[in-house]
Every structure is written in structure tokens, then in C-alpha cells.
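My questions all concern the structure below.
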Amino acid sequence: MTEHDIKDQSLATGGRFRIDWAEQEMPVLRAIRERFEKEKPLKGLRVSACLHVTTETANLMRTLQAGGADVVLVASNPLSTQDDVAASLVVHDEIPVYAIKGEDDETYYKHLSAAIDHKPQITMDDGADLVSTIHKSRREALETIIGGTEETTTGVIRLKAMAKDGALEFPVIAVNDSDTKHLFDNRYGTGQSTIDGIVRATNILLAGRTLVVGGYGWCSRGIANRASGMGANVIVTEVNPMRALEAVMDGYRVMPMTEAAKVGDIFVTATGDIHVLDTHHFEVMKPGAIVANSGHFNVEINLKGLRKISDGDPKLVRPFVEEYSINGRPVYVLGEGRLINLAAAEGHPASVMDMSFANQALGAEFMMLNAETLKNQVYTIPADVDMEIARLKLEAMGVGIDKLTEEQETYLNQWQEGT
Amino acid sequence: MTEHDIKDQSLATGGRFRIDWAEQEMPVLRAIRERFEKEKPLKGLRVSACLHVTTETANLMRTLQAGGADVVLVASNPLSTQDDVAASLVVHDEIPVYAIKGEDDETYYKHLSAAIDHKPQITMDDGADLVSTIHKSRREALETIIGGTEETTTGVIRLKAMAKDGALEFPVIAVNDSDTKHLFDNRYGTGQSTIDGIVRATNILLAGRTLVVGGYGWCSRGIANRASGMGANVIVTEVNPMRALEAVMDGYRVMPMTEAAKVGDIFVTATGDIHVLDTHHFEVMKPGAIVANSGHFNVEINLKGLRKISDGDPKLVRPFVEEYSINGRPVYVLGEGRLINLAAAEGHPASVMDMSFANQALGAEFMMLNAETLKNQVYTIPADVDMEIARLKLEAMGVGIDKLTEEQETYLNQWQEGT
Amino acid sequence: MTEHDIKDQSLATGGRFRIDWAEQEMPVLRAIRERFEKEKPLKGLRVSACLHVTTETANLMRTLQAGGADVVLVASNPLSTQDDVAASLVVHDEIPVYAIKGEDDETYYKHLSAAIDHKPQITMDDGADLVSTIHKSRREALETIIGGTEETTTGVIRLKAMAKDGALEFPVIAVNDSDTKHLFDNRYGTGQSTIDGIVRATNILLAGRTLVVGGYGWCSRGIANRASGMGANVIVTEVNPMRALEAVMDGYRVMPMTEAAKVGDIFVTATGDIHVLDTHHFEVMKPGAIVANSGHFNVEINLKGLRKISDGDPKLVRPFVEEYSINGRPVYVLGEGRLINLAAAEGHPASVMDMSFANQALGAEFMMLNAETLKNQVYTIPADVDMEIARLKLEAMGVGIDKLTEEQETYLNQWQEGT
Amino acid sequence: MTEHDIKDQSLATGGRFRIDWAEQEMPVLRAIRERFEKEKPLKGLRVSACLHVTTETANLMRTLQAGGADVVLVASNPLSTQDDVAASLVVHDEIPVYAIKGEDDETYYKHLSAAIDHKPQITMDDGADLVSTIHKSRREALETIIGGTEETTTGVIRLKAMAKDGALEFPVIAVNDSDTKHLFDNRYGTGQSTIDGIVRATNILLAGRTLVVGGYGWCSRGIANRASGMGANVIVTEVNPMRALEAVMDGYRVMPMTEAAKVGDIFVTATGDIHVLDTHHFEVMKPGAIVANSGHFNVEINLKGLRKISDGDPKLVRPFVEEYSINGRPVYVLGEGRLINLAAAEGHPASVMDMSFANQALGAEFMMLNAETLKNQVYTIPADVDMEIARLKLEAMGVGIDKLTEEQETYLNQWQEGT
């Protein structure tokens, strides 16, 4: 039997149905899997993946396996695991999985260890926890590793900080930096699934509410756009003047969080930074304010600080909704400040993950072929691979586009013709 | 012990938490309950309510009870009952409830019978099933009934047909015709919750999909607006030229369903009519088309016809998602064609039901005071009551508005002043 | 030579080109004209029209003439006349016109007099100035008048006040109350053309500006919608709680004008009432605030009050832009507070006026046929005429819609079938 | 008297008023001018600018002059010159201007020659006509030139083609590549002003029309967004799969132009390429189709081809609207296929040009200081200058943003902390 640490094997059948449902929405990954099955480009490659254990990830794992890879999967977040999916991967695909929804910190790190024990040649990260743990405390694993891939903005920030410090010991593909990843997954995926997570957790009407989005990066502008599309009045906070100006021009109000805190009904953070919502913000919020996070780590909301200024322990008033009380005024925190789209909903829809994970699969292949020539830096997937993923996606959607005529091609390359 | 037929009393505590959560979003109903508690305007009044058994309905029941009414509640739809709510009403409030999620047709009608056995003086309907059953087969109940209220567009259409036929035997308040009901509940409530139901059932990305909305009444324009806000490309079908023209001017494509059927990815009906999606539509749909209903009755999608042209029985591929296969091409039907927002999600958010149910509570009070002078017709709540509900809602949201100055008041009433 | 008082006959050719251009966008009116030409239903009918003298009005005049009517046209607003159109009507169509762009008040009323001297049988009004003048000071004209039509919300409010006072001496068709008028002309027409007027007058970027709309009736919600579509952050002010609540749910901020005055960059009024922007509002506006009106009469902005608190006379800084200075802080008033879409732009696009003026033409015909049986009240055009206009419009746009099947028709008329 | 070739000096006063009006909307440029006045960083620098002669450009010219530069201005487009602005610059500022609205091709190139005769040290281009002419036929001018700046996407494409060919003889700053330029000017500026140009030229209602946008670059997505905001149903055509996919996800229909040509009511090109609308497209358009260009050069619409398949000469039916007839079916071309926002409206609003021209002014200063160290390549303005422009703009708009706390700064730079 495949090694594993999962919740319950009997959930496997339901998991398989859901994995198949997602697979229908992932035509690009499917095309890659079909090629992988024939070509076996990852033959014998040991891959340790630390990702959200969802139906989409399951399809990525099966694609890598089809390519010949020897894969292990562990959770990249204690709350995001879909236990039926974990079961199906173990039971139907014989892929070792270590992930249990709601696992405590100790278990989380034990699972991380299992991934490292696999002696990976390639790491596949979502938030850089695997890379970071290896560099900090499991350096013996560095020996076999030829490279890694990283899914998130947050992880890429960490890796670039490592590279800048000269601390990074192998090359990493920043999957997040592919256009087919961050322009789609971060914007449309996070946009819809964050709204979905908030609505499932609270069932509140968004129309007519003031919703404050922390940040105006790709994720946060997706959230702002969709919240606005649901009838909310959106306020954006930023530290970057360029993005702040874009938010203003897009018709949103922009103000410092200390001001926004006073007028918001709902708050969502997606900045990649720490304590975007801090004690002095909670103190001025309206009674009944709802607070959620959609950034990778659960550090954006200062929950310790909130606890400190609260009257007693938080109270669970609905699944994923905890009531903190500040001098009698309630503040509601969703999903313990973890990624709300994964905690209370099902994460990104498969059709965006299709492209993100096409980048993962092709990133692993690229790393296998090119690791020797790469430095210990953070790399982006080649532009033509990125563009090809977009092309495949359009084709799968049945959307036709134009082709440059010869005349047009020529025109773009000459500079003599004028007004 | 209170009489009842519910799933499981032990669910009561969870139900109570969720009822309380909803209650926070229902400040108008709360204000009414506080007055009712003091004034007891419904003292001794027997009310039989046939409504969706949700957290919001629970708050309406408690309001009527606070007003002195003797209430019984049964389900208005076999799929929409929230079993924990039913339990809490029985256990904590001693209100008889007859409703079990997923009950079969026989049980559904048995429950309806229990409501009639209560010998109601006032009926409270959501779709007119109670009124219609009494008129068809339980006419002895007419003796005690002084009037009724009706929640939905669909029900109001039925009741007006009855009144037109001279068949209606008592006056009914069309709650749906209040501005504070249909302008808000139908538009913003149905809009958000339908999207919510579809996303929970399927977890598909709406951005980039072609979504076809059957109808452009208040419900369907809410759906069109929100789908568009989530990035879908929306097509509207209509039979009414005025509404069709509005849809065109609002930027949507409008076409007959036979054409829309060929290009849509997702279909949602909300017309109040039968077989909006019929056999000849399914036959031309793209493989993988998703079909849902948000109208009151499960007649808008011709499921029998679909079954007839399908290869074998439908297959449940995810909760609330059944795959029919037409010559090998899959068509997915959500929630068995029942109201998707109640089948797969939690129905309308509390903050819109707040106003709808304020109309119900005040409608019952109005009926009690005025039944004798009313004819056996369909009535609308007086405009000033309707406006007062809006005023209370704004006040609760902390939104200030202007007041006509004396000068402005005068200006509006004179006609001499010119250019 | 046709009698007239216009700017310059030599402008006729340019006017004719523009009238023909508009005509292409008016297929419904064209269909009516073709029938009128054959049937001559208005044969010999004297009509005095007091309307904005625009290309669209010219097409209405030609339609009435084709129907056999003897028509005179005068301006309903001193600033809205298109002098080339006036010239073309006189020169090419031999229709007497009395209208000069920028005419002073005395001339305006002299022209009104000319319309009354025509001894009309039917009056056609835009703001009820003709009806009101006749009732106040030219009562001898009442003798020949059988009825009238009125185009605007503002005029209808005046007429209803007259009818309520028992002062109205003949029946009037409220064209504005037709669905094919106010749902389209007021909303989409005023929406686009008001934005157009503001941009032509100022050439400022709307994106990123806070735009305050006075009112949330059909006109003002059109303005709010389009301003939002151009990237402005929109605030709505209202006196009506129902409308205010709709504005909130539509995602706008709602607040009293005294608060909005402090934060707005641009202000537009469209309420039909007086002094929506008053002295105490101007006093708190930001330096550089821009103020425009899109309501029928130039009373919505208290210009006299503004003048009184200003330092000296206003200064024309661009065509249609006057700078008032309050203690050194500039406030800019557009188009002297008159309808900005007509003052600085070309009024409503022809394709919406198509339906409004179809209502005018059919309203005149209806009045001719039914005047005897009508009371001295304000009437709406029959619903089937209204619906037929919508149907013709869709047909002309090449938009197909569905038809109820027999099964559907039956379903809607029965009430027995249930859940 | 200052040398010049302009329409009419007597227009100067009106021009000055309008220049001052624009200046109010250009606080960033004003701040730069104030510094330039003190520091005179461009003292003695000869600058030849080939730009659209608009109120905003006038303010740039005055800024350069304030910095000590010796400036000459010529038109970069025969149709875009505002004659009153040209007059004011000559009369009030003593800046030589060579530009007349509607000038023929010969005059256009004569004016270009005058700019070169000025023996510029720095060229300032909008479309690269000045640079291209110098390289092709006035190479003696290369002697004094130290560098140039370029405003547009189109110009930058040309310059990069030149650099790639090794043909570029001096370094050029691609102002267009600054974030504060293309993210704002191209998107919000072109978006609004293109709609403005189309509406002024035609006065048609956009709501309910199918509008086809050629391209989905920054300019074209601005147009798509605003057209959609005005109620149009938008179709996008693209050659780039990544952009096409974004357009799909943004809710637009995407298809090849040959298909779009059949269903569009209005067409706008903004691709930077040639013959985006070609003969075979015109042949399948609906009667009455309207065609406009918003790209830099008038090559995007194949007018010669259109002429060839037309019945006789085009007919001017309104200012800026020419009717071509193909077998009796009319096609309307706006503004002779030139930039519609400049041909029929006033170009970009001042508040976006504020940032673009801040880049121009600082680009000239940067070139003066750094020309010696630069290669004959295309450069972008340093990121910190770009960011500072955004910061100044926000400050001028009174918008506050957040600052990273020390804790947040630290967090972003470390990589150890995990889940």
C-alpha cells in the first residue's frame, strides 16, 4: 500500500468524481498529460510537491506521474486540504499524500518532513515552505535537488529575498511570473473564489456594503473587481503610488487603512505582507465588521494582537466565522485568517488552475532539461511556452483570433513609413 | 413536546447560532418584533406558513410569535429546508415545524396537510401551494381563513389567475408587489444567491463563459447583472419586447432561446413559466452545457423531456450536479432543476429577506385589521408602509438622505413657474 | 415664404444633412411616417409644438406634416436650438419655426406667443410652458384646443399639479409615462448625453473623479450608471428612501447633499425640483468644483444665490464654462445651469428620441381620435401601443425574441399545478 | 515677431483661456515648471517638438521654456492642431509654432522641415516622424542631436525596429514605456477621448450597439472598457493569444475580424498596425456600419481599398463623417481614419497628459544629463522618477496612501518565516 497520512481512505470515490469534474475544465493540462504519457519526459524524476491538496492539484499530480515522475504530495496549508482528494490520490493513483484538513502545526511540519524524506530532485512549492525548510533545517536534502518551482507571489517574494541574500542553493522557476499564471489565476481565480469564500462563510449580501481590499496587486484587483461586480462599494488601500493611482482611476476610493477601517463593513487582505490589519485598525472598526484574508500566509491579519485587545476568547458563530469582541463591539474573523477561498470554499476554479498547473508541469520539464545551465536564481518560464499555453487555452474554448498578414508583419518591422 | 416532523432535533444548537447570525442582518424585522412584543397585535391569530425553512424564515416565525400569533411552519420546497433551523424552531421556540430536506412528494403534501389541519386564520405562502391545495381539496379550511399573504412572483401570477376566474375565496396580500420586496429581494437577493448556488454546485469559473439568462424580470435581471459582474458574457432571452429592449440597451445580447442554446455555456431560467428550456434546446447545446433554474417551480426546465432524449439515467457527478448524456454529449443539470440558490446554497441573504419578511409581518397585521373590508382579490401593501420599511432599512445601515425643503415642497406643487 | 423667426436661412443645407443622419437612427418614427403619408390621419389638424429644436424634433415635425397636420414649432429652451435645423425646416419643409439659439427671455416668450397665435387644436409640450402660458394669460386659445401631449417628467409633474387643482382645461397625454419613453430616453439618452455635455464643455477626465448626482429617478440613474462606466466614483443624493436604498444596493454611496458637497469634484442635478444645489452647498465645495444641471428647468442650481456669495461677476473661461469665485475659491458652472446635454452637446441621440417621438406622433393621433371621450386629466398612452413601439424598435435593430408557446400561455393562466 | 506658420493670430486669447483651463488639471507638470523656473536645467537647450498642438502640449512647451530651453513646435498630425492654441503660443509665449488644422501633406512635411531647421539637440516626437525624417532625408541634423523622446506605442515600435536594424543614430527615451504614461494616458485617456470623438462625430447612442475594438493593448482595452461602460456590447479582435485570453476573461467576445465585421455596428482600431480593417471586411459589414481609428497613424483602416470598392466618391454627411457606398450599402468613416479623439474631439484630457508630459519634461532633463553615457538605443525613464510622478499626482488629488511599517519592510526582506 502507498504510504500516506490522510483523513479517511473511504472518501476516495467522491474525491475521484470531483477530480474528474475538474479535469473537464483543464484542457491544457490534459493536452500536456497526453504528450507526457507518450514521451515520458520526467522518467524517474523524484518530485516533492507542497501544494494545496485540491481536485486541480490532483490533476497536476497525475500529469507528472504520467510523465514518469515519482511524486509525493503534502499540504501547503493546514486548512485547505480536501480530504476526499487526498484519499483518491492514494487509493486510485498510488501517489503518497500527507495532508489532513485542519491538521495542527506539528502535523503540518511532520508532513513537510515526509516530502523532504522523499529526496526530491525537484521541489514544487506554494509559498516556499518546502524550499525554506530545506534551506533552514534539512540542508542534507540539497544534495539531490536540481531545482524547484514556486506557485505564488508570496513565495516568489521570499525566494527573491533569498537569492538577493545569496542564500538560495538551487534555481527556481517562478511559475507565478508567467503571464498565463498571474494574469489569470491571481486575478480571475482569486477574484471569484475569494468572493465565494466570503459568501459561503457568511451568507451576507455584498450589494450595498463597503468592502475594503488591502492591496491592488493582481490578486487584490481581482477581488476589487468582483466585489464591485456584486454591488459592493469598494475601497482600496495601497503602499505603492502607481497601483494606488490605478485604483483611483478604476473608480475606487483609495485611502490609508486607518481611515478605511472606520468605514468598512468587510475587509479582505491580499498583499503578501504582514499585519495589514493591525490592532489600531480593529479598534476603530464598526461593530459587526467582517475580516478575511486572501493572501498566502495567515500573517496579514494580526490575530494575536486582536486576541490581546479582545474580551475573552473568540466564539465560533458559524463554521469559519469567529466573533471577537472589543469592548462589547463584535469583529468577525473568517477562516482563522487563512486564505478564505481555500478555507471556506474550494479554491480557484479548475479552469484557471489549468494554466497555472500547465506552467508547473512544463516548468518541471524545463528544469529537468536546463537545470545544469541555470544559476541559483529565480527564473521565469520562456515567453514562447507561456504564449503557447494561452494559445492552447483559447483553442480549447473554441475562440478564434486573427493572424498577422504578411503585409502587417512587414509593417511592424519597418520604420520608414510615416504620417 | 411541540408537534413536528423534522430531521433531527439534535441539530438545534447549530441552527440557533445560524438563526442569530441572520438576525443581525435583519434590523427592520427586529424593530417590528420589538413593537410586536409590546403590542401583541396578532394575539391568538392562527397562522399557517408554507415557506422555505431557512434562518431568515425562522426570524419571521419568531416575530409573528412575539406578536401573539399561534404559528405552524411547513416547507414550500422539498429541497430548500435547513434541517438545523427546523430543529431549533421546534426545540427552542416551540413552534411546530413539518419539513425535512429532500422529502419526497408524498411527505411534502403530508406536511402541507398538517399546515391546513392547524385551521389557519391567515395563510402565508411562497408559491401559493397552500392556498391552491385548500381551494382544490381542503375547502373546509376556508371557513376559518380571513386572508393570506404570498411571497413570490410565481405565486402572485397564480393568485391573480384565480381571482380572474372568480375562484379566490379570500383576500391575499401580494408581498411580492411591495417595492421593498421585489426591487431588492428579487433583484439583489436572487442575483447574488443564484450565482452563489451555481458556483457552490460546480466550482466553475464564470469569467469568460457565455451565460444565458431566461427572462429579464426582476429576478433574471439581478442574475444577469451579477453574472456580468463576475466576468461572464451574458445573453438574455425574453418574450416581452419592452424587457427585451431594456436588456439590449443594458449591453446584453438578446436572441431567441433556440439560438442561445447553441452558444451558451451556462443556462439559468427565472421566468415563472414552463419549459423555458425544452427538448429541442438540449439537442443543440454544446457538450458540457450547464443548466440551472432560479424560478420558483421546477417546471422551467423540461426534465422529463431531457430524460426521454438521454442515453440512460442521469449520473450524479458532484453533489447537486447530474450528468445527462444526449448521444454521448453531456448536459449537466443542477439541483434537479429546483431553485438553485436554495438547493445548493443558503437562499437569499438575510439582509434582503429582512425587508421581504417585514412586509410579511406587516402584511399579516394589515390583514388582521382590514380583512373584513377587503374583497377576494390580490392586494398590495399600502405605499406608506412600503416606504417606511425602506426608511428603517436606510437608518439601520447608517445612510442619511435629504429632506425636501419647504421651498422645494412648494415648487413641486405649483405649476405656474416656467423656464 | 413660410413665416419664421430663425437665425440664418443659409444654414439650411447643413441642417438637412444632419436631419437625414438622425433619420437613419429613427426607424420607428419612419415607419409611422410612411403610414401617415398614406392614411393622412392628422389631416387639417393644427398642432403647435414647443420642443427642443433639434434634428430629431425635425423628423417628428416632418412626420406630423406627412400625416396632414398644419404644424408650427417654437423652442422649449433658449439654449437648445440648433439653428441649422430651424433653417432647414423653414426652407425645405415650409414649416414655420420660431427659435434662435441663445434667445433672451423676451424673445423666448414672443416665440411662445407665435405658437399660440397658430390657434392650435393640439399642443405638444416639453416642460409644459405652452400649456401653462395658455392657462395663465392666453385663455382665449383654450377654445380651439382639444388636447395636448407632454414630453418630460418635469412637465408631467406640473400638469398633474394643475389637474389636482382642477385647473387643467383639456386632456393631456403624458408621453413621458410611456415605458418606451422614460425607460429609454430618460435613462440611456440622458445618461449618455449628459456625460457628453460635461465632457464637451470641460474636456476633463472623469476617471478617478468623485461625481455627485442629485436624484435617483430615471434620468439621474442613467447619469450615475454612465458616469460610473467612465470610471468616476459616484455619490447619489435623494429625498426618497426607496430610491436611496436602490442606489445603495447598486453600489453607490448615498448621503445628504451637505456632506456630498464637501467631497464631490463634479455635481449634476436631475431631480425636477428647485435649488438642489443651494448657497450653503457652494460654500463648502472644494476649489475647482464643477456644477451642471440635467433637469428640465434651470432652477435646480441656485445661480442667484451663488452670484450673491461670489466675488464679482462670473468669468467665461471656456465656452459653456463660467467661473464663480467664493472667497477666492473657484466654482465652475456649466451651460448657465441649463440642460447640459442640450446646451453643450446635441441632446439625446436620435435612436432614443425615435421611441419618444413615436409616442408623440401616436399620442397626437390618439388624442385626435379620442379627445371627446377624455376628461381634463393626464393620460398615458395605451399599453399595447407602447409595447408595439418596443416591438418595432427591436425589429429595426434585427433583434429576435421568443414567443410564448401554447403550453406556456396555458400554464400562465392556470393555477392548479403545484410544486 | 516670433517665426511661425499658423492659421490666425487673432485666435490667441481664446487659446490662452483654454490653455489655462488645462493647466489647472496638470498639477504635476506645474510642480516641474516651478522647479524648472528656479533651476533652469535646460538652459540653452534647443528642442524641436513634433507633437499634437493642443492645450496640454502648450503647457509642456511653456514648462520646457521655463527650464531655459529654446523650443520649436510643429504638428504631429494634420488634423489634430488646435489653431487657437498655436496662436497663443506664438503671441503670448513667443514660441515658434508651425501647425494649421487640416494642413495638406506638403505643408505637413514643410513644417517638419522647419523643426529640423531649428538644429535641435533634443527631438520630442509623437509617432517618430521627426526622428524618421531626419534619419531618412535630413541626416545633417544628426550632428547636433544628443537624444530624443517619443510619446507613443506606435513610435516606440518604429524606434525599436530602427534600433534592431542598427539604424538608430541617437538614444531615445520611450516616454510611452513609463508606467505613469501607458497605464494612464493610453488606457483612461484614449478610452474616454475615443468615445468622446465618436459621439461628437456621430451623436449616436452607444447603448445597445455592438462595438468592435481592434486590438487589446493598453489603448484598446481602455476603449473596450469605456464602450462597455456606455452600454455597448463589445467584441475584441487580437493577434496575440495572451491578450485575447484576457479579453475573453474580461467578459468580451473575441473572434477574428472577418467574423466580427459581419455583426458590428461600430468599429474602432487601435493596434499600431496596418489594414486592421481591410477590403474584405468592408464587403461583409452591415449597412450603416461606422468605422473609426484611434491608433496613431491613419493606416489601420485601408481607405484606399475602401475607395476602390465604393460606388463613387465618399460624401460628407456630417462634419467628420464620410459616407462610402458599397453596392448601395453605406459605410461611414469618421475623421478620415485619423485619430478620432484628436480629429473630432480635443484629445486626451489634461489630467492624464499631466503625467505623460511630466515624463516628457523629465525625459528631456534626463537625456541632457545622461546622453553621453547612453547608447543608440531605446530607454525607459528610471523607475523612481516614474514612481515619483505617481506620488505627486496622488498628492495633487488629495489621495492618501499607506506606508510600509518597519515590521512590514523587514518581513518582505526576510524569507525564514513560514506558515
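Here the chain labels run A, B, C and D in written order, and each chain numbers its own residues starting at 1.
Basically, a contact is a pair of C-beta atoms (placed from the backbone, for glycine too) under 8 Å apart; a residue touches a chain by one contact, two chains touch by 3 or more.
As the structure is a prediction and not an experimental result, all values here were calculated from the model.
When chain centres are defined as mean Cα coordinates, A lies farthest from subunit C. For the touching copies subunit B and subunit C, the fraction of interface residue numbers used by both exceeds half; the interface is of the same-residue type. By number of C-beta pairs in contact, A-D leads when A-D and B-D are compared. Here the CA centre of subunit B is 53 Å from the CA centre of subunit D. Centroids built from CA atoms put subunit C at 38 Å from subunit B. Taking the mean of the C-alpha atoms as each chain's centre, subunit A and subunit D sit 38 Å apart.
The set of subunit D residues touching two or more other chains comprises 188, 207-208, 228, 231, 248-249, 397.
On the side of subunit C, the complex with subunit B involves touching residues 76-78, 108, 127-129, 132-133, 136, 157-159, 161-162, 165, 167, 179-180, 183-184, 187-188, 237-242, 244-246, 248-249, 254-257, 259, 272-275, 297-299, 386-387, 390-391, 393-394, 397, 399-405, 407-408, 411-419. Note for the complex: subunit C touches subunit A at residues 207-208, 228, 231-233, 248-253.
Of all the residues in subunit B, the ones that touch subunit A in their complex are 17-18, 20-22, 24-25, 188-189, 191-192, 195-196, 199-200, 202-208, 226, 228-231, 288, 317-318, 321, 345-346, 348-352, 397.
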